[in-house]
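To start, the structure under review is shown below, and the notes come after it.
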Amino acid sequence: MSKSPLLDIRALSRDYVSHSLVGASHSTRALDEVSLAVDGGEIVGIVGESGCGKSTLARLVAALDRPTSGHVLFDGDDLFSLRPKDLTRKRENFQMVFQDPFGSLDPRQKVERIVAEPLHVLARRPSRAEIREKVAEMLESVGLQAAHAGRYPHEFSGGQRQRIAIARALITEPKLVIADEAVSALDLSVQAQVLNLLMDLREKRGVSFLFITHNLAVVDCIADRVGVMYRGRLVETGPAHNVFERPFHPYTRVLAEAEPSIERFGRPTASERSPPPLGSAEAGGCTFRNRCPLAMPRCAAERPELRTIAPGRQAACHRAEDMGAEDIAGNGN
Amino acid sequence: MLTLLARRIAGLVMTLFAVSALIFLVMDILPGDPASIMLGMSASPDTLAALRHELGLDQPLVIRYLQWLAGVATGDLGKSYTYGVPVAGLIAERLVVTLPLALMAILISVAIAIPLGVVSASRRNSAVDYAGGFVSQLFIAVPGFWVALLLILAFSMSLGWLPAGGFPGWQAGLIAGLEALLLPAVALALQQAGVLTRVTRSSVLEVLNEDFVRTARAKGLSRRAALWRHAVRNALVPVATILGLQFTFLIAGAVLIENVFNLPGLGRLALQALSQRDIIVLQDVVLFFAALVITMNFLVDLSYLLLDPRLRGRSR
Amino acid sequence: MTGAPLLSVRDLAISIRMADGSLTPIVTDVAFDLEAGESLGVVGESGSGKSLLSLAIMGLLPGVAEATGTIAFEGENLLTASEDRLCHIRGNRIGMIFQEPMTALNPAMTIGDQIAEGLVWHRGMSWRDARGQAVDLLDQVRIPDAARRAKTYPHEMSGGQRQRVGIAIALALKPALMIADEPTTALDVTVQAEVLDILDDLAREHGMALILVSHDLGVIARMCRRTIVMYAGRRMEEGGTREVLTEPRNPYTRGLIRAIPRRVTDSGRLETIRGTVPGFNRLPAGCVFSDRCPERIDACHSAEPGWTYFDNNRGVRCIRAMEEGNR
Amino acid sequence: TQKDLTLGMTIEPTGLDPTVAAPVAIGQVTWQNIFEGLVTIDRDGKVQPQLATSWDISADGLTYSFHLAEGVKFHDGEAFDSSVAKASLERARGADSVNPQKRFFAAIDTIETPDAATLVLKLKEPAGSLLYWLGWPSSSIVGTKSAADDKTTPIGTGPFKFVNWAKGDKVELAANPDYWNKDVAVKLEKVTFRFISDPQAQAAALKSGDVDAFPEFGAPELVETFKDDAKLATVIGNTELKVVAGMNNARKPFDDKRVRQALMMALDRSVIVEGAWSGYGTPIGSHYTPNDRGYVDLTGTYPYDPEKAKALLAEAGYPNGFSFTIKTPQMAYAPRSAQVMQAMFAEIGVTMNIEPTEFPAKWVQDVLKGRDYEMTIVAHAEPMDIDIYARDPYYFNYKNPEFNDILKKVEATSDTVEQDKLYGEAQKILAEDVPALFLFVMPKLGIWDKKLKGLWENEPIPSNVLTEVYWEE
Amino acid sequence: MTASTPVSVRPRPWLAFRRPNLAIGATIIVSLVAIALVSLVWTPLPPAKMQIIHKLKAPLVHGLAGTDQFGRDIASMLMVGAWNSLSTSAAAVAIGASLGTLLGVIAAARRGLTEAFVMRVSDVIFAVPPILSAMMLGALIGTGRFTAITAIAVFMVPVFARVTAGAALQIWSRDYVLAARGAGKGGVLITVEHVLPNIANQIIVQVTIQLGLAILTEAGLSFLGLGMPPPAPTWGRMLADAQTYLATAPWLAIMPGLAIALSVFGFNMLGDGLRDFLDPREKGRA
């Protein structure tokens, strides 16, 4: 490896154990040996269906939760073996933006306080005046006004709130921002504004983003690289448009084809239709196999690992190469 | 595999232990000695010592506690100091009064509260709602023992319809027994009815805002049908919770009412035991109350499973 | 055209009574016709009044809302119809599918019973027969193992399956008109695709008219022949879906389409509509979109533009729509 | 005619054996109904023969020979004779006796049974009250076989048999068909004692006829409401309950006789009776009731005179009064009297704080046992218990050798006339010394069906003797 | 159709008073507090002054509300009783609420064993009927105001602990708490800065409701003779004393009964009104 990445996620797993009043407690593997790296100044998108473990990944990377196994290296330090104090210090380098712009701002605090919150725990706590100045600067850089600092969240629209949340995430000048569905709750026009803002920030400040969403178009729009997740596993990674254009994993293709577009009128042709899922896959083997049009006996026996298929492209599918070929054939209709 | 159920039961037992130790300790440091109470103002010291020995009160605290626990564990609750009879029998005798009383009170409060609460919620901000709110607030605000006094004044002393107190015993016939319990049950029920009405109302209101009620209406169900078939059923979950809790409160909280109506119930037994320092009875009764409260809480949790299918299978 | 259309909405206005007693108009001047077997899309940003519109047709507006105008369904004005009459029409002639599959079903009732209930209520069927039919309906919406599934509770199903149950409920009585208020927003794209397919099939098979409410232009493009674009309770543009999306006549429609994220081009930025949707109590004077419109002229502020129809059922609300050279 | 009776009582007995526990309620249910003594006490407070039909007392007062009734059987069939009587008395005075009045038997040296019908008590010293004491409930004769279980299933020789006890509610008795004493004709067949503590409920039970009689009705303020009742008779008599505000004579300032006298003069007893007990009750000047033989009215010794009281206080060194605390039990008469007293003391500049004190538990511990108090107020229930002022220790901490001498003399003689004279002197000393503020005797508020006859009007000893009770046609 | 004239909506907090509950509750409570305060400096007659000759006079015959069995002025006793009731209840609720809230937020912040422990302790307290525990407490430390306050407070602690823990747990699941944790804040800071301010409404509402309950309990304790000792008048003891005069002098029971009912009613109304007023779902529409 030439240089070590800013964020290095190594074989990260997380099990959730749930108890029920009657019967046994059982555990769900929400994240299954996910490895991923984010370089400085890079926007990496994560897509996948609901419940595939995207938020779990985000929480772990933001060190808001502890993994069952695996490591998250930030700037070379393993977050989960740092002492609490050092972790707190480290936090100024990575911040998080949440999906719900209504739930992520404390309704009883003024914008100034909300935005300044990450500053409170810095080693050198800035003075009041410094904080005020910094907040004003931050608000302006996300397209709000310094005067907004004295208002409460409920006086703002959803898009404005998301900007406030972003301002809060940026105030410590972090190297990485983890954005979990940061634009999903927003209207089209506002969503575009916020996406523009993120791209600007990367440009001007060199901030990296781990950008989580279920909207392919959004990832396609802003991410350099994308990771596709299915049932807690990373099934495909690569440069964003490359991946959606020529998926190496059947699930990626299903996703790409199901995404509605204003360029496709009327009902898609039968071949474009996604096959319905047929119950859940049992342990062992590929978790996607019973939705997979290309499934073969090996898929049930052996779990495909993420492997490099083409330069910069990885997929976890035994038939990734066939996919590439089929895709070309499919495009030809 | 440690199931949550087992853990809950272990928790219950621990709570009971804590209650038993607490009550034993409190009883021990309470001023007053059962022997001197029994023997009155003229008793000589050696008489007292004799009685204390007879009652086993001269043994160390820990021994007495352990003896008591061992007894309870084997179903022997000990003998009352003052009555001289087994406590289990005493509790059983009182329970046949208190239990039906509490049940009647629950029935009455449910009969008042559910319709009133549902109607108030379904006609939110109407005159009915305001009136219902006012009445339920009034029920809550009026002390039960005061209502009891007024009820006696009206129904026993002025009208002479119902007995003013006392309990003839079930052997005097079901009707006579129920008659004797009616006024106390009403006095007990009103406050609970007030609380229950409000819980029902807010719960129904909450559910009425749920999407599935709108789905029901979209099927063409009338407002009433949607209310009773869909909203009320779902609103009953929290109502049932409160109901379960209330039951224990009723049994325990009947102390004042039992006094006013002169009913030989558990609450009065406890008070009497306290004032006579009949420690063994008091300990047993309080432990019984505690077990009741705790079991009820547990049953309420289980009733959730019955009422809400969501909780039945594996939890989320 | 032969006779009256299935649904004819005219001059529909909906106001909300505020906590202080004042009336705030939300939806104004909505009108459209819908024939049997036709599909109409309603798009617009959050808060543009899409749900109020669908609820108004259903006769299920919240208590604080008041509607005026006419909603003629099979010639009968629903706004003046008696509650009894509405109960008869609801479910029977007009069905509705709601946005949230997680909460739209009664958690304490088996799904079979929830589907059967409408049949029992309207058709006076026995529960046993109705339950049998519910199983058929579940089959129709492609729920595997329908007979067993009918006896389960909603929490045991996934979001997509629940949404199908919602469709089955609405479909039970074979209504002439189906209103789907954002039926797929809560679902994954793959599941969304399945649900939309089912809806499409059913509309085709039963000749049902469909009103599909969504803020996703892609969904509308896929499902609807005609589309109404709404903003702040007004229709801004109406017409065949393909025309509206490919040749938008209203700057608002254009803004929306441009804001859809797509692969970054040379500029590196998405086009946006500046500002945000204003609250109903601080709408700008004149055209409601005038404060955000990149093409506004002074005249836009003076009066609200009227609704203008031009060729083949295409209409727009913009004083500059007729300007030649406008796309 | 009616043969059954339901009698109301305020307090439920704790156990039914009067020889092992003190509460008067035990005697009020069982004494003379279930249990009998060698002698008994009649409605005038006089000693009368019972299981002992006659007795001789030796001239030195040290030997008592009782001639016992014959053919007496306990309810369980056990025959009564001198050995049973002896066993009963031995049980009461033995080392492990828990008899609440064990001191009654302290004077007895030996008990002899020359034959089955004779019981001889040999005393260590003369005991002038012994005969009277043998009439008490705590001196009841119990069977040898049944004694251990008397607490729950009392077995006696009396005219009624125990049937059932529903704890918390009632005790039922039935006439004893084999009653030995053919001189008395018991008219009632079934008797139920109902326990109703709440006065309101008592009134309701009376009015509704649930209860035929309340010999000791609990609330004087309600008596008025029965006056117009055509069915019910209101019979007001005296009890033995002397309501006195005892003072800690060992503690300042109550160690000064003048202070105690001043406090006595500050109180208008009739107002206290009016305020606390609705005017029912008889003011007393000493620890003695009009029921008791040899009663002297001494209420005039220190009559109500606040001016004089103030002067006396000043003389004692408290011109500006002082303040102290009274420990009051929760029984209705106590806080009520205390509140009236509080207001009256305020008139002479004395501040009295009221400290409610749980009775019996805390009161027994603090006052009776600990003698840690300044003033208290309690109704003394035991008849003829003026000797408590001679006891040491006792909670008054009152020590007057002259008074003690007089009481000794009472015990030394068995001549009742002499005794009455001595009691008179004792009363005067107390009235003069004021070891306690003597307030009033509780009335016996009897309320019962007008057709019911034979219940006691006064209560020279706490009891509900039903032997002579009958329903008038 | 009609052109949309913008309807301006300025915040008008006084409109809250159009909700009858809040207005009624506030009026009752404010008057009660005023009366209680006045009683500290003035009453028509000294509340302990006895005039036996004037005993048991009906309202308006002697004094505003009649006299009791000692000829004391009931109106004066009611006024001082208001002070005694309110101050005792307020003190009890203050103690119970602060302790309970503390336990509740700690339980919510620490979860796991701490939460289980707090809940178990509440169970234990709940398991003993309040009147009984109050009586035991009275037997232990004697009766009086302190006992009443302690007994009521002890019972309030688990109530507040539960309400607070429930509400706090919800706040803990909010994203802004996650954000604060992401910013590196610990449990104490988050509790102080985010949790407490956001559950304050619920606690305030609970406080008013519990105040009503405390008044009822205090009356019950006084009724049983466990309250403040005489001569300090309390509503509960007035009621207890009046019991036997129900037939002859009903006002003796009715007056304090009404006073209790009215104040509990007032607090409940206030709590209800506040709940509506403070509930974000009820305001800020559109």
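As written, the chains take the letters A, B, C, D and E, and residue 1 is the first residue of each chain.
By our rule, contacts are C-beta pairs under 8 Å (C-beta built on N, C-alpha and C of every residue); 3 or more make two chains touch, one makes a residue touch a chain.
Since we're looking at a predicted model, the values are computed, not measured.
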| item | value |
| --- | --- |
| Both-way neighbours, i.e. chains that touch chain D and touch chain B | E |
| Steps needed, at fewest, to go from chain C to chain D via touching chains | 2 |
| Path length in the contact graph (chain A to chain C, fewest steps) | 1 |
| Pair of chains joined by more contacts [C-beta pairs], A-E or B-E | B-E |
| Between chain B and chain A, distance of the C-alpha-averaged centres to the nearest whole Å | 53 |
| Distance from chain E to chain C - Cα centre to Cα centre, in angstrom | 50 |
| Set of chain E residues in contact with two or more other chains | 139, 243, 246-247 |
| Junction residues of chain D - those touching two or more other chains | 198, 200, 203, 358, 361-362 |
| Touching residues on chain B, where the partner in the complex is chain E | 11, 14-15, 18-19, 22-23, 26-27, 29-32, 130, 133, 137-138, 140-143, 145-146, 149, 152-153, 157, 252-253, 255-256, 267, 270-271, 274, 286, 289-290, 293-294, 297 |
| Complex interface listing, chain E residues touching chain D | 48-50, 52, 55, 69-70, 138-139, 142-144, 225, 229-231, 243-248 |
| Residue numbers on chain B that touch chain D, as the complex places them | 30-33, 36-44, 46-47, 50-51, 53-54, 82-85, 90, 93-94, 149, 152, 156-157, 160, 163-167, 169, 259-262, 264-265, 268-269, 272, 275-278 |
| Sites on chain C touched by chain A in the complex | 45-46, 142, 144, 159, 187-194, 197, 200, 215-219, 221-222, 241-242, 245, 255-264, 268-273, 276-277 |
| Chain E residues touching chain B - in the complex, by the definition given at the top | 20-21, 116, 120, 123-124, 126-132, 135-136, 139-140, 212, 216, 219-220, 223-224, 239, 243, 246-247, 250, 253, 257, 260-265, 268-269, 272 |
